[in-house]
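As structure tokens, the structure follows; a few thoughts come after it.
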Amino acid sequence: MNSFGRIFRVSLFGESHGEAVGVVIDGAPEGIGLSKEDLMFDIGRRAPGLNGTTSRRESDEPIFLSGLYEGHTTGAPLTIMFKNGDTRSEDYVAFDAMPRPGHADFVASVKWDWENDPRGGGHFSGRLTLPLVAAGVVAKKALEDIDIHAELIEVGGCSDESKWPELLEKAQAEGDSLGGIVECKVDNVPIGLGEPFFDSVESMISHAVFAIPGVRGIEFGDGFKAARMKGSEHNDPFGPEGPTKNSSGGINGGITNGAPIVFRVAFKPTSSISKPQKTYNFKTQKMDTLAIKGRHDVCFALRTPVIVEAVTAIVLADLV
Amino acid sequence: MNSFGRIFRVSLFGESHGEAVGVVIDGAPEGIGLSKEDLMFDIGRRAPGLNGTTSRRESDEPIFLSGLYEGHTTGAPLTIMFKNGDTRSEDYVAFDAMPRPGHADFVASVKWDWENDPRGGGHFSGRLTLPLVAAGVVAKKALEDIDIHAELIEVGGCSDESKWPELLEKAQAEGDSLGGIVECKVDNVPIGLGEPFFDSVESMISHAVFAIPGVRGIEFGDGFKAARMKGSEHNDPFGPEGPTKNSSGGINGGITNGAPIVFRVAFKPTSSISKPQKTYNFKTQKMDTLAIKGRHDVCFALRTPVIVEAVTAIVLADLV
Amino acid sequence: MNSFGRIFRVSLFGESHGEAVGVVIDGAPEGIGLSKEDLMFDIGRRAPGLNGTTSRRESDEPIFLSGLYEGHTTGAPLTIMFKNGDTRSEDYVAFDAMPRPGHADFVASVKWDWENDPRGGGHFSGRLTLPLVAAGVVAKKALEDIDIHAELIEVGGCSDESKWPELLEKAQAEGDSLGGIVECKVDNVPIGLGEPFFDSVESMISHAVFAIPGVRGIEFGDGFKAARMKGSEHNDPFGPEGPTKNSSGGINGGITNGAPIVFRVAFKPTSSISKPQKTYNFKTQKMDTLAIKGRHDVCFALRTPVIVEAVTAIVLADLV
Amino acid sequence: MNSFGRIFRVSLFGESHGEAVGVVIDGAPEGIGLSKEDLMFDIGRRAPGLNGTTSRRESDEPIFLSGLYEGHTTGAPLTIMFKNGDTRSEDYVAFDAMPRPGHADFVASVKWDWENDPRGGGHFSGRLTLPLVAAGVVAKKALEDIDIHAELIEVGGCSDESKWPELLEKAQAEGDSLGGIVECKVDNVPIGLGEPFFDSVESMISHAVFAIPGVRGIEFGDGFKAARMKGSEHNDPFGPEGPTKNSSGGINGGITNGAPIVFRVAFKPTSSISKPQKTYNFKTQKMDTLAIKGRHDVCFALRTPVIVEAVTAIVLADLV
């Protein structure tokens, strides 16, 4: 199902080139002050326009359909919609015969028996992360003191931010794309969030993070490095203020321990590249060459920190 | 909540040193042949006894409380229980004052207001993975043709299996512990499992995998490496038989694409080590030295491949 | 939460005098042909205009926001929205001080800490049954052969349809209102729907039916009369074609038995009456006289058979 | 699924003549004092032994498998099991060919493809209400001040309690059975429980009540009578202390209004009667005569008030 959460429940809807994309938030607390302006800051962080991101322009203006009265949430389901405008569906005509490598074109067609909306990736489009970001703003407001901050720490394998513009330019010139790694840190986390086993905080966060298109991995605290450490190195002794090394990323036994939650997310390079790719043509039943036009990010990871924050906020708003 | 799944629903219960641990499986298909012997093979793979694993011995004998009639599942909830026997609770007396680093002692006490069962980690104990393995056997049987195989590919940072005994011995001699990495591969996966966004296959698998105690990270296909690749390297062109490189680990847009699902899981080193650790004594309110006796794995990752298989089977049984 | 269903999941949103009301249907099968015209028939059955119903006029025109492509459902979440137009909020000004007897004004204010949208009952308005009817149309299409038919069998205690116009006129003249009873029958039900205990068919249907505003009771088969019968009278012997008397309304042990599902639903008289009512004024803290203007049904039960059908279809679409 | 609740989650398991019946309660608050004795009072109210109830004797002794430590709930899943003892399966041999009218024998066999446990009704047995009562005790303790009281108000259509012994004797002498009506009242209910539409209090309570075997109807407040009243009669004006007539049974718009919740439940007469019944023999494919031996209640409704209380407590513990 396209929804998440037990108490603070988020349901996404929409397609890239359909009428609209949007989100219904069921269980948002009443009395949260919320305006279009509140949403626009995070929406702006997701928007294209940075070097290395798509030139598709949308108004990205939120429309409140329900759940808001005199500038405050009412307690009833809150619905936020974004109209689709600047669509160029003709760019996507050829992909029925030649599904784009790395995209959901193929699986969507098989899963939904060729009834899926193929334009712009349809329901699988990254545009669905727009209402996700909107829901994240509401969740952040519901969380009050808890502070969530994500940032890009690596682009194309390079962690030196000063070199990124160069790398992006080069990839663009080659008609190629780059991936990246986002680190998210949550401060002021109360002790005791999460449940043992199936509803561990890592379970919930990873569940939500893998809902973001293009994620390939997630690790908490020392992460994959922990598998190469000794117990005496990795173990995190308590001090008077709580854990001292935070090797477990703020979580023990699935439960928050009061230290900051820390995790990293690996994003693949953008799948849509203008560089020609050899791939199968299901119509001619032969290998063929695909050149993807359209407007695409060189490195969509640049736009993802705010999305990682959003899903993290949604998880925590549900757990709190 | 301590349950997982929408259709094939698994609920864990029990404590390490309580009366029993067990699992209720709601939604298991009727007519599955199931005997104690069927369970014992996978249970044996989880059992201690390998070099580097704990010397605690339990009968680990499954008792069917419900849902089985004349050797077949009935369609009604299936309950499998394991009695606890060989417990030495006195080993755990001191941890109220000095919570063990890396364990849930501290968070469990705070979360449940000091009402939690602290003996042997209580409900947070790794012993709960025993009913999880039992549920995995049922799930595997429900999956029929789908084949799930997990194996340890790294111990203490070393991928050469021939050197593991030496590494384990050395760690044990030092009173220390090691971590490891498990790789899981699923063959014969039908195209179209999973849902876009929140119920993506990666979301569901990672959710279930992080329910296993001691997991620090998960990655699918090219994983974290993908973040350092170019689109033209990472992209996975279709051939006549489907994806050719499987860089996405069998999943596009959250949906299985027919190629094998491939993922890797990082396990931390065992937290309980006999080597003395400096940690906070909440009673004396001073730093103190903790020496953990008890019987513990040098590298519990050795016992986890069958558990990774189990949770994967549970996810797929729910999705199919 | 304002959603229902595990597989065919319906989420309602909107307020009477807000921007819009609508529904997101997650899990609707792909490939269902669906047009505005398809919806208008059932929407028309719910519309006011019959003798004894409100004179409020809305276009009631459905707008498909997502999940529909080239006239067919895509498999992705289907969102149907109805804009609100003909609102007269000033009619509702006084109810903050004097909550209308029989309405949710009072509880909504307390529950949501006076942040609720009070105009026209806000989220509690009967207008929310409009998207419910739309979801019902989709559910009926998903059910194919199963045939659901509800009709009013009693108005104001009278089961002789020929006398209803007279009763309604009289009640209207008195500024009063009437209740009614709806009977619903489902034909061509496959054997085996439902689960024992908590997800019995009666549990699911009654859950959904009590979501309709103004329902006071529900009974299946012989219903309350069964409590006054002997076992030998009530028992339903099998014949070669299945149950012979259908005293249990098509359900045994919570599971459909192949006979038609039959149940009756009691609707209260409309709460909004123009006749003056003595009730408490929370501002003056004295008893006071309330005269409700606005435009209201004399007997809203007249409009409910199609709503009962809708929720029944939603339940069955989820169970099938 | 055989579970109920979002926060306070109850999962039933077991069969009448299997190893055991039981319940897992996930989400029970920590720190509730709980002993076998606490359970025995309500268990005793459900037990046979009253005039008109079955002579089957079970120890009905609860065994705590998990979630209890030093006499208090721990916060982890609480599992309560009851072993089955006094079973006479041979009584049930014939029902494969001739399913008992009014029982689930037939639908269980079809639903689960003849893999169901048929002994004593298997998972559909009324014995499953024993763990339900146990869960109810825990829920009542979790509810603290809220007071739930159910009682039988009608047996065989007669509301004069003094005449019941006579009626029961007569029915027993005739090999027949009687039904009854239970009224449940909940005092000290906080204002604001429940959600509009799908999670209305009536929706939740009716959902849980129809999980009890043998229920034919439920009505709140004025119930079916409301359908025959005028608005001016049924409406419930507010006084300084809240609703004055409680015609809606303590619920407006699905939300509790502070007045007592009041509802009535209709139970059918016991289906198992010793009087011979003409019914279909699926083996001989002819009508045949069935005489049900075994030990059965003349009027099982006598044992149900405590079960109605239990499911009501479970609902409220989940909503609070």
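The letters A, B, C and D name the chains in turn, as written, and every chain counts its residues from 1.
Quick note on the criterion: a contact is a pair of C-beta atoms (placed from the backbone, for glycine too) under 8 Å apart; a residue touches a chain by one contact, two chains touch by 3 or more.
Predicted model only: the values in this text are computed from it and were never measured.
Should one ask which of C-D and B-C has more C-beta pairs in contact, the pair is C-D.
The chain with its Cα centroid farthest from the Cα centroid of subunit D is A. One finds 38 Å separating the Cα centroids of subunit B and subunit D. Centre to centre, using the average C-alpha position, subunit C and subunit D are separated by 26 Å.
Distance from the subunit B centre to the subunit C centre is 46 Å, each centre being the mean of its Cα atoms.
The set of subunit B residues that touch two or more partner chains comprises 1-3, 12, 76, 111, 123, 196. Arrangement of the chains shown, judged by which pairs touch: all-to-all, with no pair of chains left without contact.
Those residues of subunit A lying in contact with subunit B across their complex are 1-4, 10, 12, 98-99, 101-104, 106-108, 110-111, 121, 123-124, 128, 154, 156-157, 171, 176-181, 191-192, 195-200, 202-204, 206-211, 213, 215-224, 226-240, 247-248, 252-257, 266-273, 275, 277-280, 282, 285, 287, 301. Looking at the complex, you find that subunit D touches subunit A at residues 6-7, 76, 196.
Partner subunit A is touched in their complex by these residues of subunit C: 1-3, 9, 11-15, 18-22, 24, 26-27, 30-31, 63-69, 72-79, 81, 111-113, 115-117, 122-123.
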